[in-house]
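This report concerns only the one structure given below.
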Amino acid sequence: MIRFECDYAEGAHERIIGALVKTNFEQTPGYGEDVYCEEARALIRKECKNEDLYVQFLVGGTQANLTVIAAALRAHEGALCASTGHINVHETGAVEATGHKVLPLPSEDGKITAEQIEEAYLLHINDSSFEHMVKPGMVYISNPTECGTIYKKAELEAIYKVCQKYDLPLFLDGARLGYGLLSPENDMTMADIAANTDVFYIGGTKVGLLMGEAVVIKNELLKRDFRYFIKQKGAMLAKGRLLGVQFAEAFRDGLYYEMSENAIALAEGIRNAFLKKGIAMRYDSPTNQLFPILTQEQCAVLGKDFAYSNIEALADGRKVVRFCTSWATKKEDAETLIRAIETL
Amino acid sequence: MIRFECDYAEGAHERIIGALVKTNFEQTPGYGEDVYCEEARALIRKECKNEDLYVQFLVGGTQANLTVIAAALRAHEGALCASTGHINVHETGAVEATGHKVLPLPSEDGKITAEQIEEAYLLHINDSSFEHMVKPGMVYISNPTECGTIYKKAELEAIYKVCQKYDLPLFLDGARLGYGLLSPENDMTMADIAANTDVFYIGGTKVGLLMGEAVVIKNELLKRDFRYFIKQKGAMLAKGRLLGVQFAEAFRDGLYYEMSENAIALAEGIRNAFLKKGIAMRYDSPTNQLFPILTQEQCAVLGKDFAYSNIEALADGRKVVRFCTSWATKKEDAETLIRAIETL
Amino acid sequence: MIRFECDYAEGAHERIIGALVKTNFEQTPGYGEDVYCEEARALIRKECKNEDLYVQFLVGGTQANLTVIAAALRAHEGALCASTGHINVHETGAVEATGHKVLPLPSEDGKITAEQIEEAYLLHINDSSFEHMVKPGMVYISNPTECGTIYKKAELEAIYKVCQKYDLPLFLDGARLGYGLLSPENDMTMADIAANTDVFYIGGTKVGLLMGEAVVIKNELLKRDFRYFIKQKGAMLAKGRLLGVQFAEAFRDGLYYEMSENAIALAEGIRNAFLKKGIAMRYDSPTNQLFPILTQEQCAVLGKDFAYSNIEALADGRKVVRFCTSWATKKEDAETLIRAIETL
Amino acid sequence: MIRFECDYAEGAHERIIGALVKTNFEQTPGYGEDVYCEEARALIRKECKNEDLYVQFLVGGTQANLTVIAAALRAHEGALCASTGHINVHETGAVEATGHKVLPLPSEDGKITAEQIEEAYLLHINDSSFEHMVKPGMVYISNPTECGTIYKKAELEAIYKVCQKYDLPLFLDGARLGYGLLSPENDMTMADIAANTDVFYIGGTKVGLLMGEAVVIKNELLKRDFRYFIKQKGAMLAKGRLLGVQFAEAFRDGLYYEMSENAIALAEGIRNAFLKKGIAMRYDSPTNQLFPILTQEQCAVLGKDFAYSNIEALADGRKVVRFCTSWATKKEDAETLIRAIETL
């Protein structure tokens, strides 16, 4: 069984785990206040071309989402996001458990637009019963989205402009950020992301690290007391240096992008194989997640040798499934899958 | 200006406020443990034909909703409800502020069906990622709904059957219960409501009391420790007897129904006037809330002498507005409105 | 049985309930946006000698406490208060239910000092693990306190100075404010209270109203969006004018103080009777709550004709109990009690 | 600088990190549903001599505490614990952020007794205002405690008996469990812990793993839906197998105890050196945390070469500090410290 069901089936890139082994017996202070975290912070600031960014390392994505959102909102405010957004669908109500409503906007492809945000905000503010409704207090987007799609630079700039106009902090969930930045359709750098958000995170768990997400904060109000929130939410790793060591290795010489590239190159080949076979995609994803619509027979055939995720059952009996590549996907495994698709 | 914008524009029925005046200088214990609350409880149990019901009096509807829901759910559970449900739209995230996600089901008329509930529950339970999503933990409906529509007895029985099948407590918000029970289309008694829910409340604020909602609990687990929740949510009235006095008066000899009947009779006349004039209704409401769709000109004309609520702006420029009658609406005011509609 | 167990055993002062009766059939907008609320706000601003104060009316004390605190704090902050404070002891964790820790300071008499607040704040800020502890984010005091004691003007000024120095909003719970202001030992006006707090409330429930607390906000940040919090916490009364009518009546010509005076005068007589009899007081209260320490025999004798509250069982078998007077206490009832004490 | 400030200054035992390296490129399902987690669960069940235990792996201690407590309590309940308890002092209000009050009991040495628990519970239940106070809903203890002390088997049995009598789930925080079990004063096995608690966790972060705590649940109600809580609290590790691999290695052949033993043996030597020197201990700890009371001069001398933690400043100018040994402490480093103490 070759696993394409997700992008966290293996451990870490050999250089990443090597760095952990190499530093294993060094003694450092805890809670992310060690030299490796400092080095990783400096590297990320440099990558983002902004020396004033505040960087903290958390273990996972849901944790990062709920911690940032709890820090950004007052109790009567909610987070605008796509109806498909991870915080709205797949975090067991983590945001609501901190007291805040998620305010979903309709989305066909995982993305939302500046227009939607402005319209939702104005609709709220101009309603005569506005105080009886949750106030939009921030905007959450993901890039790539849960559908594998990505934002164009102009789209992100437009969103950020609206957010600034209405004083809504913009938070970008970058759990798969590397795969977005390496997509052939991408026209942004990490510095562009930093310039056009109030806070975002660089996903490590799904991009070659054992675990870890680097939260990057530009908004001064959000920086204030942020570490209290990390601790309160159970997100402060005692051996914080484990995250610092990994992110430093990932950003010292471009390894993060190199790992991302592997996933993108192999995903492209698999997508082409599906399309050639006349198999449609549920979402037009240019990143590492592919969402082919398969017949039950096709599912049965591919399911014998390959693990994939079930996403959605269509009314006509077909199924939307997900195949993911990752930093760890082997070329030969991708080729085996492609051959299997060709013989469907 | 004659007010039809809501059903809480006046104080209380003269008999209700009279009862408060009459008992004003009596001394009683606090927190709802007085003889008037006991009398009101007994009357409500009798009305519901169930001596085991547990009855507590709260001040308002949002308070009742959030207190019951916080008492009914574990932290990972949410409340299924119509997308139009009051808890989903007009309580400033009160339920989320207690940590729970509201799980909206699509609804055109404010109602949901047994089938929808079953489908949502099974979809959750059968999803391979079910633990990553909020678990449906109860069902919230309102009768009449926010759209003025009501459930038929067979519909409520079907919903309750599904709820019992999947161990989902059923909670009925009866903020306007009297107006539902007196509707010509209604085929239920209060005893039917009690028999087919785990918990419901009898609205007083909108049906002739100064304020107050009587929460009626049948479910044994919900009864347990319920008063702790009332206190924690700031919903325990020091002078609880104010609520007992009012509900006792309302249920001693049928005053609650008499007050409700006034609203229904007058609403029917107004609805007929709109329909005769060819003015369509957004929702087919047989209760005290009417939702005519008016042109801007019609709004301007009626707005000179009558207060109404703005509900929705349609794409074609027309507006959905709301006219409410209540226990307090005077016959002559309703007639004045009808004449104004006729001359539109 | 004559009730001295609390100060909410009766309804409302006859002028207060009379005002409700008189305005009962007027039509007004809901949610506190009516002319009576406006009038009451203006009267309270005048009483406080500050035209910029923001005034909202809530139904009860726990509700007012949890709403103000939820509005004032970010999620990692807590409220410093006396260990005896109502929010720490007798609100079923209402503040914690909004996510915030109550941070108790030791207190023998219900009061805390400016020194204690400063010390607690500095201890926190200077701890090397400060981010692992809840940050003091505001200060809660009550006046009179739960022990019946009151703050002197100099004490309150000192507390407010420390609060301002460390940017800690100061919140004064005035559930029994009238009884504090009318105490012979008091040296403050309501304007002094307003000048030396960020937010406080004027208790109505215990001082002659059916129910109601007037929350008075000076702090600009707290004013912002405060009504959203009222609604979210279930504290927005549909018929808000009920509170406006009552507070307007209470402050139109000094009725609030007149009602308070009754309680104070009668309490003084009762206290003197206890002291003459050699019965010690647990707290040296100059307000309407008295805390005599009685033998079991004395309890039995007084318990036959008078209701009182049990507060604490002492190791020597004696009991601390509470006798309250109020706006409603009749002179003859107080005299009956005094005679009973004299014959102990 | 040799670090004795905490027991998480290094990475992981070489066998533990070796196991991660060895399995690094294997593909497994995510979220703890892999063969390594299954193996670790089986080993732990065996160690606890109870095949019905439910075992889940979380990343850190605060996370484990808040997740278990949120799963165990209804909204009106709180957790009884020692005033010194980690959840009361050093988790930035993590428990309160889930809505629950921590109910501290006085403690001089980090422990609480069965008598204290029973007394607190009865005091609550017998108070006439019990519904106005947070209901004790569970008991939290730690072993070893934050003071380094441990429970005797008879003490734990007595506590569990009281907990069962009053239906209070007993939760034991075992962040340093290995160091407790290897203490010369200990008379319990892990099976005894499992037999006398409803839920406990086996600390990995501080006992030789990179990170990880194994939550072991015996209580059937707590088992139900527990993984939803893990996900909601951001505590579900995508690559769950990282925790399974480490715990399996630790429990396959007794490595967990071996690692613990190192800390205990070296701590004993250091303690003896302090005591010989006439330096008193703040707490009489028989485990890996030592709390000597040092003069400022002694602090200055030791601070030159050794990192320690500051715990408390005494009124006489002396300081309580903390020296920790761990699985990683080198014998030569301990000896260097001992020599330094001898020359004080």
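Order of writing sets the labels: A, B, C and D. Residues in every chain begin at 1.
Throughout what follows, a residue touches a chain if its C-beta (ideal position, glycine included) is under 8 Å from a C-beta of that chain, and two chains touch if they have at least 3 such contacts.
Owing to the predicted nature of the structure, the values given are computational and were not obtained by experimental measurement.
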item: Of A-D and B-D, pair with higher C-beta contact tally; value: A-D
item: Most distant chain from chain A, judged by the mean position of its C-alpha atoms; value: C
item: Gap in Å, rounded to a whole number, between the CA centres of chain D and chain C; value: 42
item: Separation of chain A from chain D, taking each centre as the mean of its C-alpha atoms, in whole Å; value: 33
item: Where chain B and chain D are represented by their mean Cα positions, the distance between them in whole Å; value: 49
item: Per-residue multi-chain contacts in chain A, two or more chains; value: 75-76, 91-93, 97-99, 131-132, 135, 228-229, 231-232, 236
item: Complex interface listing, chain D residues touching chain A; value: 1-3, 5-6, 8-12, 14, 17, 20-21, 23-30, 59-67, 91-94, 97-98, 205-206, 210-211, 228-229, 231-239, 242, 307, 328
item: Touch list for chain C against partner chain D, complex; value: 75-76, 78, 89-93, 96-102, 128-129, 131-135, 309-310
item: Of all residues in chain C, those that touch chain A in their complex; value: 70-71, 74-76, 98-99, 131-132, 135, 225, 227-232, 236
